[in-house]
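Below, subunit A partners subunit B and then partners subunit C, in two separate complexes.
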Partner chain A sequence: MINKFLGFEPDKDKLPSLTAKIGDDIDLSSHKYQKIWLGPNHPGVTGNMAVELWVQGNTVVKAKTHVGYLHRGFEKLIERRLFVQGFPTSIRMCVAEPDTNEYLIATCTEQLSGYDKAVPEMAKWLRMLSLEMARLQGLLRGVPGQGGTFALGLGVQWGVYLRDLILDRFEELTGARVYHMYIIPGGVRGLLPDGFKERMEDNLRDIDDFIIRIRKLMFHNSVFKKRAKGLARITPDMVDKYGIVGTNARGCGVKRDVRKDHPYLHYDQLDFDPPTDTDGDIYARTWVRWQELIQTVDLIRQIMAKMPEKGDIKAEMPNVLHWKIPKGETYVRLESGRGEYGMYYVTDGSAKPRRVNLRGPSYTHAIALLEDMLVGADVADVHAIMVSLQTCPPEIER
Partner chain B sequence: MSLKDILTPFTAWSKVVKEPVTIKDPLNREAAPRYRGFHDNDIDTCIGCGTCEAICENEAIDLVPVDGIETKDGDSGLRPKIDYGRCCWCALCVDICTTNSLRLTNAYKWVDTDPDNFRFVPGVDEKDWYKREEGWRKPEPNYEFYGLKRVEMGELHPEEREDSFVEMIKGYSKEQAEAEADRCVECGICTATCPAHMGIPEYIKAIRNDDLEEGLRILYDTNPLPEICGRICTHKCETVCTIGHKGDPLSIRWLKRYIADQNPSEKYKKILETDILKKNGKKVAIIGSGPAGLSAAHYLVLLGYEVEIFEKLEKAGGMMRYGIPEYRLPYDQIDKDVNYILSLGVKIHYNVTVGKDITLKKLGEDFDAVFAGTGLHLGRSTRIEGTDHENVYQSIELLRKITQGEEIYVPEKIVVIGGGNVAMDITRSLARLQNQKYGKVQVIATSLETEEKMPADREEVIEAREEKAIVNPGWSPQRIEIVDGKIKGLHVVQCLSLFDETGNFNPQCNMENKNFFEADMIVESIGQGMDVSYISEDIKEHLELGPRGRFRVNDYFQTSLPWLFMGGDTIQGPDVIHGIANGHKAALGIDKFLIGE
Partner chain C sequence: MKDLIEKLTEDFKISDVVYQRPDLAFVTVPKGVAISLVTELRDFEGFSHFVMMSCVDWIEEGKFQLLYLLHNPKTKTDVGVKTFIDRENAEMASAHHLWKQVWTYQRELKEAFGIDFPGSPRVDENFVVEGWTEMPHMRRDFNTKEYSQNTYFPRPGRETNDPAEYMRKKLYPNEPITAKKQDNDK
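And now, the complex of A and B:
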């Protein structure tokens, strides 16, 4: 109005605008559409991430993922620290399974410095144990959590209790419940405490019982079936197009598991077969995770049976205060609960890494895939879809 | 969808009759024994090395002074202060702690209204969790962040060296030196303890970076005799080395030698940028070319002074050349250090005895200042019965003669009285000469001090024994038995203690426990005194005396006569590194005295 009065009319085409393109398809001023922000602070959003939704009635017509709400520049922080100082920062890149980050950063430095062969046997088994325990506690939250997105809160309570018991074991083994800081370059930071295996076995028996109960509660539940079946379907042809990995890919029959495809540590010595399903919908993905829960319990039992009784926990390595790694680059990956989780690591001969780049599955799952998958979905199903893809925002914005 | 799918979820109701699983009293839940909770520090064990501060990736640790803890050798007097606004409880500080004094207890609850309280000094500020035994400690076994084992130094086998004066320590190779340098945690405790305050962590870093020219520059900042010190320094730095608390201390001395050995003498001037030195037109005379004199000469000539050294003997080096055997310090290495200093323009007059050939007064008149580093060249005697016999010698005298190439009396049986490094030097030199002459060794070194309290370096004792000399400490010499004008041996009794309650020297002996050491020759090596005959009476009356009969000097080694400075063994020590430090400080003092601030 004032501009008009002054005789000045800005050329809006030249101004950057997020909505400039959308305006062609979705005319918010037509009152047919409504814009809703889901997050960044919303109990249904797993972590600090926002989804901008354009809805028509209850139906989503367009979605856009926004990250950056917790960006703390983890990669850059690690690049400004000594090699041994990286792991306490790295765990923040995925709080849900912190051990995966520790493993990646330790293995990258070991590979580039040539100490990967020196990691003691005992340390390798302990690393596998902590990685599987991390997967287990993630699944104890994730499987019933899917029911939680459909307002089935009971399973979540059961799962969180059992997860706490696994965190008790983590506390015993690593000295912390969530930020374990257990795997360091060269090895691990402690042997199994006395009586650990017995206490773990007690917990695993409780979890066996939980596995049967949650099956009855969720997978033979008419409400869960009605809502989850056929929702947010991933088809095998989408897998490569979107870069879908882990249980999301296995839910539609594409068997991808780094532990099998590119074995690391001693996974080749364990007897397991990654579960799959064919439907590719939320029900199928949750069902695959439920089977994986059984498998993870079994793997922990196998690891505890096969690991040596004692041994060195850390390789003999140079003084950590001036440990320099020769010029080189590497990519190390592992199978996290969410799928292939990798780190690209570059060193330049100095005492600090040149470049650290974490590639987590949520990067594609929660941005490219989620944005497309939400179109046509009901607003009430948005959380369910997001959770079913196992979104972990911190690993998107490292 | 079947009826089953509607009914099955109701099985969850069976849980209603089960006992709840929640913890009844979550506020008083005990954490696991390994839990990483709040810090505790055993401040008596802690030495304030600051390695915890160095490894902390959050900069949560600061080393701060603490009331009641004094700075002393091997202890910075500082203690870590933790900022819980930054700490992430990773416990790297505990894992790297060089003394194992730092730990995390398993306490995890702390409520306070004042945010400043969350910055505290563990072990000093009272906290109720210190009594907890449980918590995070450095993991076991074989979990180290730096090497605890010293890289072994190659040396001649006892068979190879027992009849030879060839240098026995071989020196480090590049790989060995770099591996040894890698063990350093750069705490700087060594620098504080070194009398010359050498930049030890810095030159060790230069070795790691393979920049030995930079290493040499760092050495010459504080020490112009690196080849010599790299071989025979008393290495107080190694005694306090932080790594020594859990493992072997760093071989700081050998690392210094490695830098000096690897730099050829013809490149020194270029590396040290001393090709052209400015002159300020002032002249300083130096008496004695020992470590103190050479050090003063070096730093004075760099400051622009014209320096002339007056040396009584035919070669430079003082006690380093005439007191230390060649197998420990080869003469060509002394020459390397000395020649560099002389090449800077320092003039030296050999065979000139001040007090005889030229008076101190004359020096005072001809020069703007005089520095005296005359050393301790007079042997002390036990004054027991029989010491006036012609075959009772002073070790210092014999060592000088060996260096000068003079023939000395070497009988088949020798007893050395003394437990210090000089006693070991003469014992081992005589053992070599006996080996050359008779093909066997029969030298007994005996001292008042017991094995544990012998002042000699431990390795000297071990090596002397390897060379078949007998070291039999803990005996007090009583008299020398002489029959028909020939020495038969030394009577001794067991020595129980050396000092009384007040700390005065007052040996107590057990007269019942006697022993007799057969000998044809006795060597006394119980310390040296200074020869001040070069100072004429009219000058001496102006000089104030300090404790222990030494002349009083100020912080810059200036005596009560402003133009006369003194340093080295006559003032401090006795050892090479104090001499070097004194010479350096005196050079700065002379500059201050002559030029002003």
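And now, the complex of A and C:
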């Protein structure tokens, strides 16, 4: 097709038609294809992950995800340590929202040792607060980050600043900015510091303002709209076929949210309805996340208003150095910012777990789904597609 | 959940049922019918969401325990289908035709435990440990400490300290150790 602006036929159209399918042997020596590596160290790649791309002109004809650059054998290390020693290791399995790992491993050990009913009310509210704060800081990076993949860098800078304010609150609540170790078996490590709610409210007001500004910056931007609309579409029939969860599923109208489907902690006492969209493209997924940003701010306000002023924060637990858990197995899940996040935990009656296996949403989103979605995509859109699926390599490699 | 499992018990030779929670049950079936049960649950009982696949190494019994965890989005329930296979020449029928992400799990289990899934796409490709020549790294008999001691040389100048003693020396170098502190240490 003649480009009406250029007045000549672009090179891309002169290339042979796309004939290769996934699994086909692509003959690089034919000079019709080129292989390029995106990552593992590339600003457009989410974390240390590489995508091996076979391209014809600008179009991807085959893609392979490569992980392993962050593999430190966390699951194996936890299996070789006492139950409590597994905590500092487990939180590193997902850097984006480490608190989710704390909750999962604490709940698994509590369920298998029979202490799940002993967790005090106050601790449940504080656990919920820390999980929602984790979601909020993730969204503050994730929503503008999607704009960043289309060269809209300003929102990213706003988001990173506001995320830092939430990390300040984490620091005063837990003593740490990223790896908090706040949720422990039986409860949490501490109460809210004096004045915490006021300072959090100040931050939330700043975030309210950011939410309006990022809407104008991204969703009113013609470049973002033009590139994100219709790109990397997920349809409802793909959801079960690929195991798609979280905002990726909700973006195409499949309303699944662990907080609603399997209410844990006190989520059943909060008033919220997970946002959805129907288009299933990058624009829809980002729009759902933007609405989730509003909802998360609201949930934090609800939690702070409904939580008791004081109370026990930790149940009486056995001496952690001599703690043995009877033989058993369980699976615990929660709704992370990226979707269903779960842990399969097996004990054998000894002082160490027999098996710990994390189920992160990226395991399916970043491999089976991403590899199929990239076929036919323009090479310039690869980052956008990857970020829109919210891939997080550490939870794949564990 | 109970009705469903009772209905399937005879046909699929379910031998062991554990109701971990009202919404989560684990059932054990023979190796030969595991994929059939998973298919039945997916196609006829609404367990359309494949949550995960996992393996537990029961080295004392010479068995691997494979788990297929399925979720029913309508009834909000989970069933974990478990089956035991021999550790020696471990092999299991592939389930990659049921869900798109299953081949990734099988590829990982091949690398991490050495379980083969004949016919599963890319099952022999490296997953996270490129160029690995040792025994599969998630097996119980793989000793991580011994491996690292044999593979990596000790860094000169590195020493191991008791954390409490080290901090005391670092923070209060001139403070004598009192009897009370010594008692606390015990």
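One rule holds in what follows: the second predicted complex is superposed on the first by the 373 of 398 C-alpha atoms of A that agree within 3 Å, B and C clash if a C-alpha of one lies under 4 Å from a C-alpha of the other, contacts with A are read in each partner's own complex, and residues count from 1 in each chain.
One rule holds in what follows: a residue touches a chain if its C-beta (ideal position, glycine included) is under 8 Å from a C-beta of that chain, and two chains touch if they have at least 3 such contacts.
Note that this is a predicted model, so its numbers are computed, not measured.
Trainee: Clash or fit: subunit B against subunit C, after overlaying the two structures on subunit A?
Mentor: clash
Trainee: When the two structures are overlaid on chain A, which partner does A:Met181 contact: first (subunit B), second (subunit C), both, or neither?
Mentor: In the superposition, A:Met181 touches subunit B alone.
Trainee: Using the touch definition from the top, say if A:His71 reaches subunit B (first), subunit C (second), both or neither.
Mentor: second
Trainee: So, A:Asn48: does it touch subunit B (first), subunit C (second), both, or neither?
Mentor: After superposing on A, A:Asn48 lies clear of both subunit B and subunit C.
Trainee: After superposition on the shared chain, which partner residues are touched by A:Gln302: those of subunit B (first), subunit C (second), both, or neither?
Mentor: neither
Trainee: Just subunit B (first), just subunit C (second), both, or neither: which does A:Arg355 touch?
Mentor: A:Arg355 sits against subunit C, while subunit B stays out of touch.
Trainee: Mind working out whether A:Arg189 is in touch with subunit B, subunit C, both or neither, as first, second, both or neither?
Mentor: Only subunit B is touched by A:Arg189; subunit C is not.
Trainee: Let me test your reading of the model: by the given contact rule, A:Lys314 touches which partner, first (subunit B), second (subunit C), both or neither?
Mentor: Touch partner of A:Lys314: subunit B, not subunit C.
Trainee: Under the definition above, what is the set of subunit A residues touching subunit C in their complex?
Mentor: Touching subunit C from subunit A are residues 23, 67-68, 71, 73, 75-77, 80, 111, 240-243, 256, 261-262, 328-331, 333, 340, 342, 344, 346, 354-355, 357, 359, 363-364, 367-369, 372, 396-397.
Trainee: Of all residues in subunit A, which touch subunit B in the complex?
Mentor: Residue positions touching the partner: 81-82, 84-85, 87-89, 154, 161, 168, 171-176, 179, 181, 187, 189-191, 193, 213, 216-217, 220-222, 225-226, 312-314, 316, 318-322.
Trainee: Could you pull out which subunit C residues touch subunit A in their complex?
Mentor: Spelled out, the residues of subunit C in touch with subunit A are 18, 20-21, 23-24, 26, 48-52, 54-57, 67, 69, 73, 76, 78, 80, 99-101, 103-105, 121, 126-130, 137-138, 142, 144.
Trainee: Within their complex, state which residues of subunit B touch subunit A.
Mentor: 1, 4-6, 8-9, 11-12, 21-22, 31-36, 51, 54-55, 57-58, 88-92, 95-96, 104, 136, 139-147, 182-186, 205, 208
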